[in-house]
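Shared between the two complexes below is chain A, which pairs with chain B and chain C, respectively.
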Partner chain A sequence: MTGIMDDFMTYQQELVNGLGVSISLALLTFALGLPGGLLLAVASFNRAKAVRILAVVFVEVGRGTPALVMLQLVYYGLPVTLTAFLSAAIALSLTTAAYTSEIIRGGLRGVPAGEIEAADALGLRAFHTMRDVVVPQGLRIALPPLLGFCIIMFQATTLAFTIAVPELMAQAKSIASSNFHYFNLFLIAGLLYALITIPASIFTDRVADKLARHT
Partner chain B sequence: MTENVWTFVAQGISNTIGLTVLGFSLGALLGIPLVAMRFAPLAPVRWISGTYIQITRGVPLVVWLFLIYNGPTQFDPSLGSVFTSWLSALLAIGLVSGAHMAEIYRGSLRAVPLGQREAGGALGMTQVDTAARIIAPQMLRTAIPASATYAIGLLKDSSLASTIGVFEVTFYANTAAGTSSSAVPFLVAGVYYLALTIPSAWGARHLETRLSRKVLR
Partner chain C sequence: MGHGISEAIVDPIQRPDSPAIRLHNVDKRFGEHTVLDQVSLSVDPGQVLALIGPSGAGKSTLLRCINLLERPTGGTITVDGVTIEAGHTVSANELAKLRSRVGMVFQSFNLFPHMTALKNIALPQQRVLGRSKKEAEDRAHALLKRVGLADKAQQYPTRCSGGQQQRIAIARALALDPKVMLFDEPTSALDPEVGLEVLRVMRELADEGMTMAVVTHEMQFARNVSDHLVVMSQGRILEEGDPRQIFANPQQQRTREFLRAVLERE
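Now for the complex of A and B:
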């Protein structure tokens, strides 16, 4: 036990920096992926069949491909040279957009039909009905599962170590391979991840309870 | 190379499927005592299972993989031959999916109305009979679709096992990409994963409609 504490104290700087990279990677992923998910969800209600089909194909491919494969594809496959960090963010946001579009779509469909009829009766155009009536209420319904998915995506940032992004897992791995304290370092990494994900999931449950109470 | 990339990467399919099926089975079994503990009359028992579930789900699968695969060698290097990459991957996937399955069981248990249990009791059925013949069949109806969705997710998560050297689809794709220095093998891997997940998703959806056919809502 003291060994674990010692390792943490010795390598605190690297590990905390790694966690910082993990968090910023996750935040960039959300910033790119969540609007993408909303866009895909709205597109799946579009009147033009071609748009709907395009959205469905994107979602199915995005959800059917493992995030790890997506990561390698973006990193090695794109003709432009991007930093590992940016490639990881792009790959993870593609996955995020595909998954969250389904969550958001469920939320949008959960908006009562009466709301849309009322908007129609008031003479709102389809665009305004979507933007001002359906999306705000639908996102509210989708909020708890979206938060839950964000926690999963934060965990998925560990995959970035495979393309040498210096996030927490990569740091733990490189330290462990120099001092052979594999158990200690992976345990510390796991605890640091849990330090964020467990409070986050408790917070998500709270939000879900609160929203359920008001509807 | 372009032609045999397909056959080369295909070598990993059996390991991908094997790891998913065995890991999922392990998790489905482990989930049963975990969910039973969640409803135990003794508070500390409930607490242990709740903490286990929170921690296993809160720590990324990659960390579990490396903790189980490399961790033991810190204490005794010869343990490396006990925790092979295949066994470590199986254990890590089983551990994590056990926690997820326990949550799925819990959700489906909550979906069965309390009145069903009370009715069983009122009819003079024993608690075991009520659980096995009234509650369990109704639980399955919601648990099976949710488990199927989870299993399909697990198929994709099994790709992480390549990071500790399990010879599955992503591992072969990685090897091929390394020797040919192109991203095509990953495209091939993506196609194989799609070919495995999309029919499974159709099957799951079909199963769901079949299971809910005779239920009035």
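Now for the complex of A and C:
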């Protein structure tokens, strides 16, 4: 136990920096991926069949490709040279967009048909019906599963260590390979992740409860 | 009537006697199932049409064809000079034009639950008519006052009773200055006493000269407020005419049975 504490105190700086990179990566992933998911979800209801098909193909490819493969594809495959951090953010955003589009779609479908009919009868254009009536309510319905998915994606940022992004997992591994305290350092890393994910899960449950009470 | 479709496109101001709503030989099929069978009727400006008939007769479908929530499979529909023929693809413009003339009130209110009463009424004005927020909200306040809900402006629909919600829904439709109002069993989801407040608003609207088509089970309303009564059964018009006359002396056996059944229930 003292060994773990010692390791933490010794490498505190690197580990906390690593956690910082993990959090930044996750936030950038959400900032790119969640709007992407919304866009795909809305596109899947488009009147034009070509748009719907495009959205479905994108989603299915995105969901069918493991996040790790996506990461390697973006990092090594894109013709432009991006930093490892940006490559990781783009790859994880693509995965996020594909998965959350399905979650958001489910939320949008949950908006009562009668309201959409009322919007039609009022003469609202499809765009306005979507933006003003369907999306605000659909996102509310989708919020708890979306938050849950974001927690999973935060954990998936660990995959970025494979392309040398200096996030928490990479830091822990690099320290461990110099002092051979593998168990200690991965345990510390695990605890630091939990420091974020456990409160986030509690928050998600609270939000879900609150939404359930207000509908 | 045969060639009358094209003349209805003429500006109604030049033809003050042209009907506000005219359906000509309207058919509606869902697959094999014929729900409306050659229905023709017209409603003059300022008239109140009541539609009654057993459940499944096609009353809602008929009403929903008038604002093209359902596309008729045959016939023509003219509302305030805009004619839509079945089978032709309706452009977004035509659809907007038609719907801007027709307000609709549903049995289940269908308010937007994430918006206050005020916003429910103001937002469509901003989006559909391009009114400014201020203009739209002023109008919304005036209409809320008119339906007796001046104090509910900032309330969310779920915090309002059914009768209040339905009056908000009426205000929402009126805010777009429709030429015609459609009501599909507006009181059927309400307790009788609560339904009365909605019926009172509808009656005032009728008195002010609004053209209305009302599907209803409220025989009092049909008899006392409507100018013209249409009895439907199995996708057809069974009989139509002066409401008092039909109530007093129905011509069809089927009408008699229907009226006896509903009047006994009351």
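The working rule: the second predicted complex is superposed on the first by the 215 of 215 C-alpha atoms of A that agree within 3 Å, B and C clash if a C-alpha of one lies under 4 Å from a C-alpha of the other, contacts with A are read in each partner's own complex, and residues count from 1 in each chain.
Just so we're on the same page, a contact is a pair of C-beta atoms (placed from the backbone, for glycine too) under 8 Å apart; a residue touches a chain by one contact, two chains touch by 3 or more.
Not measured: the values here are computed from a predicted model.
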Mind working out whether A:Ala170 is in touch with chain B, chain C, both or neither, as first, second, both or neither?
neither
Now for A:Ala91: first (chain B), second (chain C), both, or neither, which partner does it touch?
neither
Between chain B (first) and chain C (second), which, if any, makes contact with A:Phe186: first, second, both or neither?
first
Just chain B (first), just chain C (second), both, or neither: which does A:Val61 touch?
first
Could you tell me if A:Met153 is touching chain B, chain C, both of them or neither one (first, second, both, neither)?
neither
Considering only touches as defined above, state whether A:Leu124 meets chain B (first), chain C (second), both or neither.
second
Chain B versus chain C as contact partner of A:Glu115, first or second or both or neither
second
Note: overlapping chain A surface for chain B and chain C spans none
Applying the document's contact rule, which stretches of chain C touch chain A when the two form their complex?
67, 69, 92, 96, 99-100, 102-104, 106, 108, 110-114, 123-124, 127-128, 169, 172-173, 176
Give the list of chain B residues in touch with chain A in this complex.
54-55, 57-64, 66-67, 70-75, 156-157, 159-160, 162-163, 170, 173-174, 177, 182-183, 186-187, 189-190, 193-194, 197-198, 201
Over in the complex, which chain A residues touch chain B? Could you list them?
60-61, 63-70, 72-73, 76-77, 155-156, 158-159, 161-162, 169, 172-173, 176, 180-184, 186-187, 189-191, 193-194, 197-198, 201
Can you tell me which positions in chain A touch chain C when the two form their complex?
112, 114-115, 117-125, 128, 132-133, 136-137, 140
